[in-house]
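Naming follows writing order (A, B and C), and every chain is counted from residue 1.
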């Protein structure tokens, strides 16, 4: 009896601390599942046109209505997660990895390397990121991979600068100074003391940058430089549907809603993860 | 301090050189050139070769590059290929509106962001905390063109509180001195135009501001949480300092660093990167100008415009770094 | 008795009011500000350069050339020249300049001023000369033997070769006359300070944003009805729609077509339909596989279900096509309507005849704005239905023309507006000189010389009947070889606030708005 009660209360505490993070994770897993199983779940072929039935509002046949070419919006929403999600995740992940490496090596080693790397980041940052992405896509051509490259590339300096700004404060923390005076090697210090302590802010930044990546992908579509035409893609659907906002609001509204829910769930998941990872925060009851 | 500033300033020309060279190169790699984009407008095609020669597009790239650099050194940004207007004149037309937009959006985002970030930590109410977090993520994730058009529909079409677009009302009369309307209109005492100007800034300013308000709120929140759990705050509390004083004096001071970095970067990125917002609100700034330049392959517009954006960005960055050093004494040693 | 008189008076007053009311609704009124929503606003109005359609609208509203174009009936109307004579050999043009006109800055419009302005592109000593003023290429200056002011009110132009379009190109935006004072005073920056002699003058110009134009009290044809015109940029389609709904703009060409059904029923907006002046077509690159094969071009022609394309892609705002020339053009050949038809069985048969393996992989390029993406997806569906395997190539304007210019496209979708009501404006697309940069790369056609000869004959022939015959032959040859496959003639919706009266729907449809006679009710 006692054991059960205890376990129950522990789950209760865990739930209370991470409730919204857990809800977020559940929603996100659900969206991922739908996206992966799209072909099995979608009621119609996302590319099937029906010119006679354009701009139909939501109904029993088409739960989310039909678009400008009479395609089923629900089926397109179900299929439309894969391109934008894979591009955004890949872009953020690559930018995070590259940026952290650059920022940590610069901030930790200092000297001319730091200066050179940071000036390089300055050069990249002084290109407005959206213009940089536009230039890259205009050069490489439309398509998912090129959009990923463009978004990822433009985000590297953000992570690099963040990583560096954390590292240069961590270097003076007592435990790092202590470790160094005890003769610990640089890789050891970075791996054991620096990285774990910089993860929480980096994770927060990454989940925020994911939102930005999804926003940038939509923006590229809005300018007409996104995924291949016809591809069901949330960003593209919102961007192309924006001109229909007065006349057939359901066309841009549903994909927009799904983008929002996805980003929210990812961010709550990220926050929960951060809280869980950060030893300092775990002690603090909010 | 002064030494550090000088050291950074030495880098300025090098960064600018790198940025302009990269721009030059990137434009030559992007398919299409200015001649091809105007070809369709001209009936007498024999004139096109002549135009190509005028712009030196028939020369080898290396020669074009040296030519571009030597002109740049002399401060000559040339004429826009598509419109024949001197680039310096266009900078005068396009830079001030964007700087004004950037300032307004920074005020909006800092105000909303810091207040909601602090509120979510200090007012220990989970519901409020979640609301702030949700709102801040929404601000980040919603596509700008989407937020923009929604604000227009709500405030301009339905409520008719604000105009849909532009920098000032259609046909409003005013004098241009510096092209910073904030100054010009106040200096000339033109109240009517000033009111119109402010009303036009509200929606685009809020649109950009909301996106970074999310960032600021999150940074404030996490920085404060971290600081509040750190030893010296607990010490401060233990010493019996007032809660409010603790928050503002200690926690905010530490939260300031990342916020300043973020807002500095944000300011830089708005200068050339408010492409979407400027487009939705038909705002005549750098973003739309550069976007059109890229799409029309107007080499001189993009080259000239990016240099100015980069210059503003680097200077802003320097300012941020200097502020850093003033706020966080620990870093003073690092720079020496 | 008394009552009757009162009743009579009331009736009389009512009648009077009624008649006044109807008079008000019919007679043009002076005054008011009209805001026109454009898709862009240039950085200058220098007519030597292209500034997007927003710039063209401003130039057309403030400017006046020697003549004006009559888009409804073809031909030229008096402009700054009240009359003109052309010698029988078509080489000498004598223009009689109307007396007593002045530019917006008060300078008198004299023959010398006109000659000065027209010679700007060929006179490097002119203080306003800028290297690379490409738009003047449309004025035909290379063919001018001499241009002189004989006296204060007579301009004589002598050509080397006859040019049937010479008169009408003076009505182009690049043909407007600029005040000599402005050319001297502002030099190369004259485009930011334009002073012309048209119905409106520039009051204020904010590059990229708007031009505020005021009625020119001294306009030769009389002061225009509207006091002020603001031409303002709205690059985003949803934003332009919002501005229209909010009553911030009175007139536009650039709202999405999909909004027409709703706006037609709205309280304060009216939709007028423009004349069929713009060609929509698919250009086939005949210099490159697989569309160097005529059978495939014909197959594409018969594969297009134009009725559905027009209905679903353009919301019905187009007429069925015949050939490269439009129904309002000189020499238009109706019989093309029998070739530009939907016949999928025939398309399949043609593909079979070609002996190529189906499905054949092809690429369709188009620009990433307005209705093009939607149209392209429908065209792809039609082509796939007959056995092609289509890859859509959506490009920004720069990449599109870059790819076209380099001859890398296979099929590309685009349009041709009418800037001058003359068939040459469209036929020029097929001239030999510009072939390498064109959508069709028609230098590779075995009839390229024949077609080029017809295009040249079209302008070197002065007689109208003869020109008609030349253009009919031209159209027949084009339909036989099909470098272009026609989608339709765009009849664009013109969105106006109900208070806007007397909207001109001809030039406007081709992108050349005419606001001289527009007036506002209320």
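Heads up, the rule we're going with is that a residue touches a chain if its C-beta (ideal position, glycine included) is under 8 Å from a C-beta of that chain, and two chains touch if they have at least 3 such contacts.
Everything numeric in this text was worked out from a predicted model, so none of it was measured.
A.B. asks: If you tally the C-beta contacts, which comes out ahead, A-C or B-C?
C.D. replies: If we tally the C-beta pairs in contact for A-C and B-C, the bigger total goes to B-C.
A.B. asks: Central chain, going by Cα centroids?
C.D. replies: Closest to the centre of all protein C-alpha atoms: chain B.
A.B. asks: Would you kindly tell me how far, in whole Å, the mean C-alpha position of chain B lies from that of chain A?
C.D. replies: Comparing mean C-alpha positions, chain B is 22 Å from chain A.
A.B. asks: Taking the mean of the CA coordinates per chain, how far is chain A from chain C in Å?
C.D. replies: 46
A.B. asks: From the C-alpha centre of chain B to that of chain C, how far is it in Å?
C.D. replies: The computed centroid separation for chain B versus chain C comes out at 37 Å.
A.B. asks: Scan chain C for residues touching two or more other chains and write them down.
C.D. replies: Residues 236, 238, 242, 245, 396, 398-399 of chain C each touch two or more of the other chains.
A.B. asks: Which positions in chain A touch two or more other chains at once?
C.D. replies: As it turns out, chain A has residues touching two or more other chains at 138, 223, 242, 245-246.
A.B. asks: Which chain B residues reach two or more other chains?
C.D. replies: In chain B, the residues touching two or more other chains are 30-31, 145, 149, 153, 294-295.
A.B. asks: What part of chain C is in contact with chain B in the complex they form?
C.D. replies: Spelled out, the residues of chain C in touch with chain B are 33, 35, 40-44, 46, 48-51, 130-138, 140, 142, 188-189, 191-192, 204, 206-210, 212, 228, 230, 232-236, 238-239, 242-243, 245-246, 248, 396-406, 425, 428, 431, 433-434, 437.
A.B. asks: Would you pull the chain C residues touching chain A in the complex into a rising list?
C.D. replies: 236-238, 241-242, 245, 256, 258-259, 261-262, 308, 311-312, 367-369, 373-374, 376-378, 380-381, 392-396, 398-399
A.B. asks: Under the definition above, what is the set of chain B residues touching chain A in their complex?
C.D. replies: 11, 14-15, 18-19, 22-23, 26, 29-31, 121, 124, 126, 129-130, 133-134, 137-138, 140-146, 149, 153, 211, 214-215, 218, 222, 225-226, 228-230, 257-258, 261, 265, 268-269, 271-273, 275-276, 287, 290-291, 294-295, 306, 309-310, 313-314, 317, 328, 330-331, 334
A.B. asks: Note which residues of chain A are touching chain C in the complex, please.
C.D. replies: Residue positions touching the partner: 49, 51, 54-55, 68-70, 138, 141-142, 223-225, 228-230, 240, 242-248.
A.B. asks: In the complex formed with chain C, which residues of chain B make contact?
C.D. replies: 30-33, 35-48, 50-51, 54-55, 79-86, 89-90, 93-94, 145, 148-149, 152-153, 156-157, 160, 163-167, 170-171, 173, 279-282, 284-285, 288-289, 292, 294-297
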